[in-house]
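Read from first to last, the chains carry the letters A, B, C and D; within each, the first residue is number 1.
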Amino acid sequence: MDKIPVSVLGATGSVGQRFVSLLDGHPWFEVVSVTGSERSQGSVYGEVVHWVVPGDIPARASRMIVRPTDDPGSAALVFSALPSIVARVVEPALAAQGYVVCSNASALRMETDVPLLIPEINPDHLQVIEAQRRRRGYGGLIVTSPNCAVSAFVFPLAALHAVFGVAHVHVVTMQAISGAGYPGVPGSDIQDNVIPFIDGEEPKLENEPRKVLGSVKGDQIIQATFTVSAQANRVPVSDGHMAALSVGLVEKATLDRVCQALESFRPPQSVSALPSAPQLPLVLHRAPDRPQPRRDRDNQSGMGVSVGRLSPCPVLDYKMVALAHNTLRGAASGAILNGELLVAEGYLEGHGQAEAA
Amino acid sequence: MDKIPVSVLGATGSVGQRFVSLLDGHPWFEVVSVTGSERSQGSVYGEVVHWVVPGDIPARASRMIVRPTDDPGSAALVFSALPSIVARVVEPALAAQGYVVCSNASALRMETDVPLLIPEINPDHLQVIEAQRRRRGYGGLIVTSPNCAVSAFVFPLAALHAVFGVAHVHVVTMQAISGAGYPGVPGSDIQDNVIPFIDGEEPKLENEPRKVLGSVKGDQIIQATFTVSAQANRVPVSDGHMAALSVGLVEKATLDRVCQALESFRPPQSVSALPSAPQLPLVLHRAPDRPQPRRDRDNQSGMGVSVGRLSPCPVLDYKMVALAHNTLRGAASGAILNGELLVAEGYLEGHGQAEAA
Amino acid sequence: MDKIPVSVLGATGSVGQRFVSLLDGHPWFEVVSVTGSERSQGSVYGEVVHWVVPGDIPARASRMIVRPTDDPGSAALVFSALPSIVARVVEPALAAQGYVVCSNASALRMETDVPLLIPEINPDHLQVIEAQRRRRGYGGLIVTSPNCAVSAFVFPLAALHAVFGVAHVHVVTMQAISGAGYPGVPGSDIQDNVIPFIDGEEPKLENEPRKVLGSVKGDQIIQATFTVSAQANRVPVSDGHMAALSVGLVEKATLDRVCQALESFRPPQSVSALPSAPQLPLVLHRAPDRPQPRRDRDNQSGMGVSVGRLSPCPVLDYKMVALAHNTLRGAASGAILNGELLVAEGYLEGHGQAEAA
Amino acid sequence: MDKIPVSVLGATGSVGQRFVSLLDGHPWFEVVSVTGSERSQGSVYGEVVHWVVPGDIPARASRMIVRPTDDPGSAALVFSALPSIVARVVEPALAAQGYVVCSNASALRMETDVPLLIPEINPDHLQVIEAQRRRRGYGGLIVTSPNCAVSAFVFPLAALHAVFGVAHVHVVTMQAISGAGYPGVPGSDIQDNVIPFIDGEEPKLENEPRKVLGSVKGDQIIQATFTVSAQANRVPVSDGHMAALSVGLVEKATLDRVCQALESFRPPQSVSALPSAPQLPLVLHRAPDRPQPRRDRDNQSGMGVSVGRLSPCPVLDYKMVALAHNTLRGAASGAILNGELLVAEGYLEGHGQAEAA
C-alpha cells in the first residue's frame, strides 16, 4: 500500500520541525518535500535547519533540498507551518493548484467557508468544503487548526456546549514559551517572570472558540453566539498551555451533571480510529492539584486535553482549568489529525491511502 | 527620641525574617525580641534561623535569644508572622495582656471587629478598635493584613469601588513561590510547571476583598456586597504575585473614566507621610506588556502596586492585571505600615514615638 | 513463561515510584510487592503515595498493600530505593534471607565485595559475588548502582581509561532538582538560582568512579588509582545531570584518538541484548552546543549518556561535558539493567526467566 | 562644582541601558549624550530603546536624541557598550580625537598598551597610558573592563597570586542569561536547560585573567604565566555569574593561610574611596551553601565578589566558587569604577571634577 506524499511548508521553523518529526514513520503519510523561505531555499534541510525539537532530524528529511514554499512538488497534501502573512497568499494559491492544505496558520481560520477543524469536535464542518471549492475554484481545499491555547480550553467548552449551551466564558491563559516559535521570547524577558501580553493572541482566544463550536448553515459555518473574555499570559514553562476558565451556561446544571458531561465527551468512532487520535481526548482530573503542564502535557502522546479543578463559580456558573500540549495537540499533531480525517473522509481520493482508509 | 520597642512573633519563618530585616534601622521601631516555636526557643536567633531573605541577618537580632511566642517581653507592639493555627490562640491572649498586635496571619482577618487593614484604602476601619477592646476586654488591640495576593488586586478594586461601585470580580492569580513560605513548594513540583492549586487560597481571595472594601457600621465592619470568583495558581517566579482580573461595575463607565479613577487613586495625606508608605501606591502602566513580576515587583521598595493592560471585557466591564511584591506589600512591609498607622493615630500612646508622630 | 517476581523497597519515594513505573510491563519482571516506611505500611499504595513521576500509577501496583521494608514477601529480586541509613541494615538482612538485592542506595557501594555495577562497563565485577556470599553467609546477594551524577561522567572515563589510562579528573557537576528526591530542594531555594552545595555528594563523585573502573583481584574489587576533584552544584533543571570534566591521561593521545576511543565504546554483546540496555550507551555529540539536559536527557529512553564539547585542556589533557538522565540512567533504569544482567548471568536460577535468558 | 560630561556609546543595548541607569544621579558624571547604531540615530532615546533593566528610564536621558556612535559630542569621557566589531574601529578613533574611553567591549582588551583594568586589582596598569598615547597618537586614552565572568573569578585569583603565586587554574562557569545581552538567549533554549556553550567565551576566560594579573614592564603589560582551562555554561538564572574553580599554587600553602589571603584582600585606600567602589570587594563565605546568584549577586550594590566553598582540591591545590553580578561588577558598574579611577588619577584634567577629586 502506497503512502500519501505530503509536504511540510515552513519546515525550518519550530512547528515545521514538529511536523517533520511526527510524520517520520507515520502509517499513512510520507514526507516528500520540505519548503522554506528564500534564506533556506536550495539548501540541504539538515544543514540549514536549527533543530530545536526533541530527538534527531529524521534521516530522510535531513537530506532533502529545501523547496520554495509556493512549489511543494509532488505532494498531494501539505501541512502548513507558515507565518500568517505568507500563508494568506500561498495557501489559497496551493489549494487552487489542487493541493489539500492542512494549515496551522491563523490567516484563514475565520473564513466562513474554511473549517477551523478539530476532528473530535466539529468534523461536520467539512460539509462546507464543497462550497469552498466551488466558490473559490479550488481543485484542492483548505482546512485550518485553531490557535494553540484555544485547542486546550475549547474541549471542555465543546462538552458543555453540546449539553447545556455555553453563554459566557472568561479565560485566562498561562502559555508556554514554545508557543512563541523560535527564537520567540528572549530568555532575559521570561526568566523568573510572567509576561501578561502575547501580541495578537486575545482576539484569537475570544473569536476562534465561537467558530469551532459553530454550526454549518448552507455554505457557511455560523459562529456560536456566546461571548468570551480572554487574558493571555506567557509563563516560564517549556511546553503546555494552561487555561483557567469560568463558564456561564444557557441551561443551569448541577455540578454532577457538568462533571458527567465532561467525562462522557467522546468523538465519533470514525475519528477515534484515526492514527493520531487519542483514546480519550478530554481527561477529567479529580486530584485537587492537577492538571499541571510538566506532568500532564504528554498525556496520550500530547493529544489528550486535561481538565481539572472543576467547581462552582460565584460569578458565572462553573470554573475549571484546561491544559494541552501546545506544539502537539495545539499545533502539529492536531493538524496531522486533520489530515487523517480528510483522508478517511475521502478527500484524498486518487491516492493509495484514501482507498485503504 | 526613644524608639518604640517591638517584637517579631514567628521570627524564624520567611515572613518573620522579612520583618526582622525590614525593621533593622526603622525610624520609629526597634526590635527588642524575637519569638519562635518550641524547637527554637532558648536558642540564639542567628544560630537557629535558616536565613532565606536577601542580605545578612541584622547583627543585633542575630544575637537575641528566641523567646516563647506567648511571651514577647517588653515590646509594646508585636508583628505576627505566626501560622494561623497558633495565631488564633496567641494573638488574642497577647492583646488581652496589652500588646498591640499587627498580624499577617489569616486567623482573625474576617472577624467583624478586627480591621483587615490597608492604610491607603481603609484607615477608617480603625474605628472598630474601641468596640474590639471593650467587647473582648483587650488592653491592647489586633489589626490584620490581607492575604498576599489580595494585597495586589484589591488596590484597583478600591479605586474603582470608590467611584463606580464594584459588582462582580473574576480573578485568576499567578502567585510566586515565596508566597508559600519556607520550605514551601518543592522545587521538583514547580520547576518548568504551573500548579493550579494553593490550599485554602481561593476562599481568601473571594472573601477578603469584600471586607477590605467594607464599611464601618456601629461596632462592626460590614462587608461590601460584590461577588468574587477566584482561581489561584502557583507559577515558577521567585517573588511577585500577578492577578488577571475582570471587573463588573455598578455604574457603567467609559474606559477614560476608569483609567482616570485608577490614576487618581491617592491615600489620605496622613497615610502618605508614614515611613513605609509608597509615594504612589497604585501605578498604572500604559506599556502593553507591563507589569511583570521581575521588572515591577520592587517598585517603591516593593510597596507600589502595579496595574496594567486595562481594556474592556466582553463578559464583565473591564479587565486588567495587578501585581504586588508578595512578601513586602503583601506581607511584612504591609504589616509594618499598619503599625506605623497605629502609631500615627495614637494607639501606642505612652510610648515615645506616639507623641512624636 | 513466568515472569520473575520482584519487589520495590521504598516504593513511595520518587526513585521508588520510578521503579514501579518502569517495571510495569517489563518483559522479565513482575512487581509482586511494594514496601514503605512505618508511615505507609498497611495502607493501599495508590492512596498513600504522592505520585510525582510522569504518567499514572500502574493499576496493579496501585491496589497493593504497602509491606514493611524488611519483609518484601514472595519476590525473588528486590529493587531498593531505600534511604542509605535504612539500606545499611535492611539490604544485608534481605540478602541473608536469600533475596537478590539491586540497590540504588549509597550505603554499601564502596564495600570491596559488593559490585558498584554498570553492566556496560564492569560486568566482570560480578566475579566477587561468590566471595560476597561465602564470607557474608548470603543466600542471596547485593549489587549496587553508582551515584546519579557519577553514572553520567564515568562513561567517558571508562572509554578513556580502557585505552589510555586515566590519571586525573576534574569534574564540576550541574545537577537537576529531581536528584534530591521528594520533596527535596525547596522551590524558593532553587528558583532563579544555583546552589553550589549538595550534602555528601562530592566524596561520592570523587570515590565511586575509581571503584566502577577498578578491577577484580581475588575476592575483592580494587579501586583504580586516578584522583578525582569534584564540585557539585544544583541548577534549576527538572531532570538531567550535566558534568563538565577535564581528564589527564596516563598515555598521551591525539584528539582524534580520544574521539575514536569515545565513539567506539561498546558494551559486551550480551549486555546490549538486555531489555533495558541502550543501543549505544555513549553518544558523542559534534554540535558545539550539545548535549543539553532538556534536549538530550531522554536519549534512548533515558539510558544513553551524551558526551560533547571535546577539546584539549590547557591544564590536564582533554575537557568535555557529559550528561545523563539522573532518575533513569542514574537511578531506576540503571538498577533494573543491573537486575537484568543478574538474570542473564544466571544469578536468579530457579526462577522461570533465568532459564529463558 | 561641575560634573564631568560623559556619553554612553551603544546606549540602546542592555549594558548601555545599565550605564544610563547607573549614571543617573552619579556624583561626578553627567550623561550629556547617548549613541546608537544607524537604526536608532536621530530618534528620541526614550522612544527607540526597549528598556529591559530595572526601574524607569532616567527622565533626562529619555528625551535625548540618539547620536551616531562616532560622534558623542561634548562629552569628555565615554563609556562604551559597543559590540566588539564596532568598538575595534570606533574606540581608537575617539581616543585619537581626545576622548577618554572606558570600554566594556572585548576588542582591545588584550592589547599590551591598553589596561584591562580592575581598580582594586591592577591600578598600576595605568602606567602604560603614557606610552599608549605616545605610540598611538591619542589625545585621549582607552582602558577596558574584563569579560563579565572573569570579573568574578579573577578576584580570588588576585588574592592568591599576590601571596602564593598561581600556577594553574581550572574553571567552569555557570553564567546568567543577562550576560548574553538582549534579546540574547532564546527562552525556548534555556528554559529548564543548561547550554554548555557560549560562543567565543572560553578563550576570554583563559586569557584575560593572565593579563589582569600581569605586570607592567616598560611600555607594556606582560601577562602572568599561569595557565587556565575554562568551560563556559549558560544556566537559567537571570543575573549573576558563578564560577567553580580549582587553583594550583606556586608556593604550597595551608588552608588557613589561603583563607587568610582571601579575607585580607584589600584594594589601595585611594580606590576604596571611589564612589562606586565596594567596601569589601572580596567577601569570603563560610556557610557551606553560599554564595548563590539570587541571594548574593546584589552584595554591595552588585560590586562585591562573593567567594565560598573553599576546600582542598585532590588534583590541584584548592577549590572554591566565586560569584559576581555580571551586568554590574562584570560590566557597567565595573567600567564606571574605571572611569572614577581615571578621574582620581588626574586623567580628566581640565574638567571640573578632576580638580575636585
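Quick note on the criterion: a residue touches a chain if its C-beta (ideal position, glycine included) is under 8 Å from a C-beta of that chain, and two chains touch if they have at least 3 such contacts.
Everything quoted here is computed from the prediction, not taken from an experiment.
Novice: Determine which of the two chain pairs, A-C or C-D, is joined by the larger number of C-beta pairs in contact.
Specialist: C-D
Novice: Would you identify the chain whose Cα-based centre sits farthest away from the centre of chain A?
Specialist: Ranked by distance of C-alpha centres from chain A, the top chain is D.
Novice: Can you give the whole-Å distance between the Cα centres of chain C and chain D?
Specialist: The mean C-alpha positions of chain C and chain D differ by 43 Å.
Novice: Taking the mean of the CA coordinates per chain, how far is chain B from chain C in Å?
Specialist: Using C-alpha averages as centres, the distance is 48 Å.
Novice: For chain A and chain C, what's the span in angstrom between their mean Cα positions?
Specialist: 40
Novice: Mind pulling the chain D residues that touch 2 or more other chains?
Specialist: 52, 191-192, 236-238, 294-295
Novice: For chain B, which residues count as touching chain C in their complex?
Specialist: Contact set of chain B toward chain C: 14, 52, 177-178, 180, 182-192, 236-238.
Novice: Along chain C, where are the residues that touch chain D in the complex?
Specialist: 168-170, 172, 174, 191-197, 206, 227-229, 231, 233, 235-238, 242, 244, 246, 248, 288-295, 308-309, 313-316, 319, 321
Novice: Applying the document's contact rule, which stretches of chain D touch chain B when the two form their complex?
Specialist: Residues 52, 54, 191-192, 238, 294-295, 298.
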